[in-house]
Amino acid sequence: MTNEPDILATIREWLATGKYHEFLGVELVEADLAKQELVLKLPYKADFERMPESGQWHGGVIATFIDIAGDFVLMLATGKGIPTIDLRIDFVRPAIDTDLTARARIVRAGRSVGFADIELFNDDGRLIASGRGCYSTL
Amino acid sequence: MTNEPDILATIREWLATGKYHEFLGVELVEADLAKQELVLKLPYKADFERMPESGQWHGGVIATFIDIAGDFVLMLATGKGIPTIDLRIDFVRPAIDTDLTARARIVRAGRSVGFADIELFNDDGRLIASGRGCYSTL
Amino acid sequence: MTNEPDILATIREWLATGKYHEFLGVELVEADLAKQELVLKLPYKADFERMPESGQWHGGVIATFIDIAGDFVLMLATGKGIPTIDLRIDFVRPAIDTDLTARARIVRAGRSVGFADIELFNDDGRLIASGRGCYSTL
Amino acid sequence: MTNEPDILATIREWLATGKYHEFLGVELVEADLAKQELVLKLPYKADFERMPESGQWHGGVIATFIDIAGDFVLMLATGKGIPTIDLRIDFVRPAIDTDLTARARIVRAGRSVGFADIELFNDDGRLIASGRGCYSTL
């Protein structure tokens, strides 16, 4: 794992900036600049529940976490925050009574457009959702 | 506009149920059972901000609102909450200093799978984002 | 309907250019420059069949027709052929014993990226498939 | 590599069945039943050209090849041909003067819905396009 201090500090700072990010509480687990991969964690809290007392993640928080992971992994290549052009999410299994870990990788960081692949796993390492984002790198 | 009281009451109740829904505050504007269309509103609050003091919506809240609008419009056909299979979102323009209105319509409600189209508009009636969701109707 | 002769001639010429286009045989029905909408037709032939003697369109030809319709409607705004960045297709109903008509409209033609919505209909006017393409307008 | 003779024979037969499949000429390279992965090859021919003499693959053929690879990899789990519900394709790089190899894997084969991931590579092993398909496994 290559952990470049500057970009990591920037990612940590951005993850804590803005009220929606504060609400979420996404944590940086590791970033591999050489492989252009990023691992983030989002601990469950009742604020994310789909239904009262269900312990089940709302799909909107899952979509949010996928968007953030894709956006931030592309920061490893671009060094700055970039706008999402489009995003798609496949909900593979329900996420219940678990934290979520996102593994994101850069598929391509082109001059105008970048693609990222994102997978979310539960505490048992099972795939919960996967996503693909297209981001503007202009 | 056909406003069937029961289904509307159910939609209003679900929109207020669960802590993530409480956090959001989505409002039912109208539902047309005949046309299978639904209009929802989500007033802006600072909790949704992308960056401090920016007045700009975080993409994750936009994705969430699209998922909810697609899910709930299919309730007009199925009468119950249904799981999202997959979701795609196109971010057409930034949403800044505005509330958002979602217009969702059923593309098809089949026996096993349903499709919904969702468009989000700002206060000036300009398209902010659009989405397509595929939901399980089993 | 606004039928600007030059862009229409260009679209017709491109639809007939290249061996894959020759294989397909897509026809221009009408183009509305003001509304930024395009209608194309693709008559069925056995070369498109999913299974022998089925009369059913192969999904790959449906995907192709959606890509072409999205690409060409954006030519109404850009005046030139542009690369597809990404494409999504929902297969709403099987297409059997029918020609297909594509109705494409520009969702947004931005400086770097454009979005198009495309719907395919059978001879009875029922929706067969719908798509959304994101194209590079640089 | 586990090469189960029956399912392989079925896949080979289906790849050669129907006039659109005959037009394409997709070849089975290998199938791994344990890993639920499939490798297919599609040799270039001028019939696939985007523009005359360009040697560049038309996006529609790329979309077709992705759909087929996703559909057929799910046959490893279901043993039968299944309908595509929706499909998304990211065009990562142009494909010029090259054959294409598809690597498809099952993300999940559920009771009603299955997901497949598909990547297309050129002769240099570079990623050309990637896709995700959602298929009906009912």
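By letter and in written order, the chains are A, B, C and D; residue numbering begins at 1 in each of them.
Everything that follows uses one rule, which is that a residue touches a chain if its C-beta (ideal position, glycine included) is under 8 Å from a C-beta of that chain, and two chains touch if they have at least 3 such contacts.
The model shown is predicted, which means the values in this text are computed figures rather than measured ones.
Farthest chain from subunit A, judged by C-alpha centroids: C.
Interface comparison, B-D versus A-D: the higher number of contacting C-beta pairs is recorded for A-D. If you average the CA atoms of subunit A and of subunit D, the two centres end up 28 Å from each other.
Chain centres here are Cα means. That of subunit C falls 22 Å from that of subunit D. In terms of their C-alpha centroids, the spacing between subunit B and subunit D amounts to 34 Å.
Chain contacts: subunit B has residues 85-86, 88, 90, 134 touching two or more partner chains. Every residue of subunit D that touches subunit A in the complex is listed here, in rising order: 88, 90, 92-93, 107-108, 115, 117, 127, 130, 132, 134. Note for the complex: subunit C touches subunit D at residues 17-21, 23-24, 46-52, 54, 58-61, 63-65, 67-68, 71, 83-91, 94. Per the touch definition, subunit D reaches subunit B in the complex via residues 85-86, 88, 112-113, 134, 136, 138.
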